[in-house]
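First chain written, first letter: the chains are A, B, C and D, and each begins at residue 1.
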Amino acid sequence: MAQLTFDSTKPFDFIGVGRLCIDLNANEIHRPMEETLTFTKYVGGSPANISIGMARLGMKTGFIGRVADDQMGRFIEQYLDKNGIDTSSVITDTNHSVTGLAFTEIKSPSDCSILMYRDNVADLYLEPQDIKEEYIKNSKALLISGTALSKSPSREAVFTTLHYARKHGTVVFFDIDYRPYSWTSEDETAIYYKLAAEKSDVIIGTREEFNLMERIDKRDEPNDWSTAKDWFKHEAKIVVIKHGDKGSISYTKNGQSFDSPVFPANVIKTFGAGDSYAAGFIYGLMKGWKLPEAMEFGSAAAAIVISSHSCSDAMPTADQIKEFIHDCNNGSQSIQKEGVQ
Amino acid sequence: MAQLTFDSTKPFDFIGVGRLCIDLNANEIHRPMEETLTFTKYVGGSPANISIGMARLGMKTGFIGRVADDQMGRFIEQYLDKNGIDTSSVITDTNHSVTGLAFTEIKSPSDCSILMYRDNVADLYLEPQDIKEEYIKNSKALLISGTALSKSPSREAVFTTLHYARKHGTVVFFDIDYRPYSWTSEDETAIYYKLAAEKSDVIIGTREEFNLMERIDKRDEPNDWSTAKDWFKHEAKIVVIKHGDKGSISYTKNGQSFDSPVFPANVIKTFGAGDSYAAGFIYGLMKGWKLPEAMEFGSAAAAIVISSHSCSDAMPTADQIKEFIHDCNNGSQSIQKEGVQ
Amino acid sequence: MAQLTFDSTKPFDFIGVGRLCIDLNANEIHRPMEETLTFTKYVGGSPANISIGMARLGMKTGFIGRVADDQMGRFIEQYLDKNGIDTSSVITDTNHSVTGLAFTEIKSPSDCSILMYRDNVADLYLEPQDIKEEYIKNSKALLISGTALSKSPSREAVFTTLHYARKHGTVVFFDIDYRPYSWTSEDETAIYYKLAAEKSDVIIGTREEFNLMERIDKRDEPNDWSTAKDWFKHEAKIVVIKHGDKGSISYTKNGQSFDSPVFPANVIKTFGAGDSYAAGFIYGLMKGWKLPEAMEFGSAAAAIVISSHSCSDAMPTADQIKEFIHDCNNGSQSIQKEGVQ
Amino acid sequence: MAQLTFDSTKPFDFIGVGRLCIDLNANEIHRPMEETLTFTKYVGGSPANISIGMARLGMKTGFIGRVADDQMGRFIEQYLDKNGIDTSSVITDTNHSVTGLAFTEIKSPSDCSILMYRDNVADLYLEPQDIKEEYIKNSKALLISGTALSKSPSREAVFTTLHYARKHGTVVFFDIDYRPYSWTSEDETAIYYKLAAEKSDVIIGTREEFNLMERIDKRDEPNDWSTAKDWFKHEAKIVVIKHGDKGSISYTKNGQSFDSPVFPANVIKTFGAGDSYAAGFIYGLMKGWKLPEAMEFGSAAAAIVISSHSCSDAMPTADQIKEFIHDCNNGSQSIQKEGVQ
């Protein structure tokens, strides 16, 4: 599994890039939000959650992003600091922006929705000038999230990041994380996702997200291997395609594929499943584990997070995940499937 | 005090026009918002608060405004319904707008601030076509709030309202309610405030707000009587100028002025003082009371609201206000000053 | 005809406010513009044309407006200077704006059209701060054009002008001059036209333009006297309603009405008819002539301009108009109708 | 010189993509534009000029672009038709856009400038959906111009074009053609130029334009060979760097470089030099000529165009260019320098 090479001489393990926002989670759940009276505040945003996850797992982590010049922005920066994340590249925006908000509505474990505030948000004011070549150069890996591509100047900041990452051998994880409300059209989305994916080492997305990128080619029927091979022609070594309830499959440039194991969970809400999976999975890959082991670690992390009220605040440590896997293996059974093309 | 004439044949007493939004009040108070973890949700927005106040006082009340097509918008409409406010002119906006938010921070009773979300808000999408001539014609009085003038098409909807109100003898209360973040410049603000104030019967604002309207004339020193007389040349009969801690003064077209009484209060926060004052004051005027009585009623309502956690939800009934005044008069003393020019 | 009072102690006779642009008139005419190969450049824009007309008639004239910081802007300012118009309030805009353009297409004398360039034009960047109270105070009369109301900040600059004009007794001529391409909606247009017309002494427009202002009242059938009386309730003393081929009618506050005479013309194009009419008509009113005389002077000026290739450059002197009227009266006959309500 | 491979089975030789606009050339030249009274209308825009040049040279040429729904737009489409260019992918825009304009000012042969109208122009409304995969597939070569990258959705339409071109082996010529007024920032420009250049076979630009693309890497001193090699790592086979008066140099992936010859010209204006050069140069490459021959052909075409009043209308035929070269070689001498790294 030597497809990804992490340069051990680099001081940082991991840098998250992009969205830093606030989750306001309904305290009174299992009802429509109209009937919710109080909300609890957490740090949110997919790359923020993953970075917090990586820090909890003991990785030396930094973040590149912009926060609003207000109480919400200061809360986010303080929370990252408390979690040991380097915030030297977290910039206080001065464009009179606000902090993105996500009010969560949990009608039932399987019926969850989010009410988003994404107008004039600080994270999309990230600029190319905010990206320091030295900072990128000094990290073994980084993660970009697709929402950061949805508007200028954040979009150009991401391409600047990708340029430096490729120049200096920093491994790029691309979490597609498609959120339609920030984009002008699906055509626009497809174009910039493709340009970013071409420069990424690991691409993670749902089957629908990969379909979106393929709309320009009007491919008749979605096919995971065809999709994966498109990206292996560029820089990708691993492509992870999520099939909802049916689980995720990882495809590798050398022709292997692996199914994700599934762990039992006492599901409170499904939010945060993807972010905790990503943290566990990337951690495993960076530890040099085989792909199935990394996937198992990600799945276990996800099972832990969806059983609790928050996303960021519930990110587990490595010991917690190991203990969880151990308990499951001695009790209920996880399922592991493996395939070769 | 026969300066205002309310047409008793009209079925509605009062219509609020403009902003409907959500207050998210910090539950853990007396600290910076960074340290607040949970928030409670209330209906907010100055004209919403005043209208709720009027309904609590037993007036037949309606509202003209737009709410977002989401859980917050539905919560607002349901809350108005529950308070007996006619919502036939409350329109669900379909411009992908959001509901305005106000997170309150209460560091101490005298150190309160608000973190506003006002980008792409539903209330500023109110359109001239939303204003039904018959609805305006059928109300004795209406209230417009200055924030509704800050952007098109809401601005034009307000001028449409004013046109119908003057045409049909509906008494216009204009609450200046200046919020700088929605405006492009102070010049722009001054121009539209002046155009609206020229068509209003009662104008209520702080000394600073009246100064803002006078910036175009570069008047040397603010003077309440000069200010009031400017507006008496147009449609105004009463001008209320608020001087912060020093209290409010009402000026009348026939040359009288009256100071507001001050009631003792166990202040939790200062938010909502102006809105509850306005509700009590307008109620008194509509009952045909003398100006000092109406002002006393407004002051008492304000004292009640600033002693509780919310604004809208704490609006008192007439009985509560009367009881409060009675209790105060038999205990601590309110002060009433009267002046004649 | 003592309805308008011009203060003879004021040094300036007339100030134009608003649009300064460039006409590019087809040299090869009587064909579609696709087949026109060369164009000749003139100063254009309704208030510019009228001001040039007033200056040619010997009136001491000034202009308030913004021009682009480019060759077209400099050409305009130089042309005004050459015509003796005071340009101390013509400001060079620094918003990277351009000069408005109007390419004229003359398929036949009765089939003319204009291709407009009105995006990001300098004239609509006129700001309230550009309006000097002293300059307005020092003029006997001024003219505002409806297009200047179509966008901020020019819209607010016009209302600032109107405020100073009313304050200092400067007579306001309002040329409605409706051009749909600059406006967001007809509702928006109607609102601001009404607010400006309420503060004007003389209102000039087509029947369709007055209908537009009345849309908010959904009046069943347009009626000139009803229209005129609406405005006489505010500041208007004269209302001129143009009925296309059927000519214009002037209505006065004291209940009189007068038809415009029609002069024979060797029509090249219809552009500029309204502007030259306005110049002649306003000149007559300012000379203290009776209304029919002023209207005849306007009609004669129009007949001269539509018989030549340009608008601004063809504006006649008083002697030219008088000679033209004299020639017509001794030859072909003008028609004068008069009515009293 | 077998670096570029043109697939002879494809029916089209060449497709231009992007800007179609109007040049308005001063008829009275050698003076400031303020003193110019008449202008002559021509089709303009760099890719339009090059495509017209290619058609004149006998190549089967098409164009992909949007024109305004007005007389200027129809004039452009008719002119392309007359020149034998396929306009099946020239779309009439319905966004109320206008046609871009370029007023030329020719103070002297060496002191020329352009006054641009680029707000709300039709060509920048080109959409990804306008790009037909089959049309790109059917052409041996295509040219994209950097201005088409300056705004959405035209920017995304260009990347769609590049995707299809690479997929189907259509040779991509990228004319950087940097025009600052359409861009938000130099950072933004650099990012998208780089992404497009990475997918191009031949990149043509000035030394300053290549510097702009390198700003992200803060390279100390511009160096042509370093620049060229950056692009040879991607898809480029030829990089042409223009050094103003000192002429252009072509660099090839196999390590050669060639200076452009210079032809004598009776210069009227410098506009159109680059476009005519590009047409002649691309024509030569597509004919399979050696690089120096293609460059000579381009230089001769440029010498012809700068000696005449227009750009598009002056594009020469192959016979005219050959005759010009022949005449020059028998009279004044062109200079050819060749270098090898």
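One rule holds in what follows: a residue touches a chain if its C-beta (ideal position, glycine included) is under 8 Å from a C-beta of that chain, and two chains touch if they have at least 3 such contacts.
All figures in this text were calculated on a predicted structure; none of them were measured in a lab.
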Checklist outcome for this item: Those chains that touch subunit C and also touch subunit B are none
Next on the checklist: Among C-D, A-D or A-B, where does the B-C interface recur, judging by over half of the contact pairs matching in residue number?
Outcome noted: A-D
Checklist entry - When the C-alpha atoms of subunit B and subunit D are each averaged to a single point, how far apart are the two points in Å? => result 61
Next on the checklist: Roughly how far is subunit A from subunit D, centre to centre by C-alpha average, rounded to an integer in Å?
Outcome noted: 42
Checklist entry - At what distance in angstrom does the C-alpha mean of subunit B lie from that of subunit A? => result 45
Next on the checklist: Give the residues of subunit A touching no fewer than two other chains, as numbers and ranges.
Outcome noted: none
Checklist entry - Mind pulling up the subunit B residues that touch subunit C in the complex? => result 127-129, 133, 152-153, 156, 159-160, 163, 167, 184-185, 187-188, 190-192, 194-195, 216-218
Item to check | Residue ranges of subunit A in contact with subunit B within the complex | outcome: 24, 27, 32-34, 36-41, 70-72, 74-75, 78, 96, 98, 101, 103, 105, 115, 117, 119-120, 181
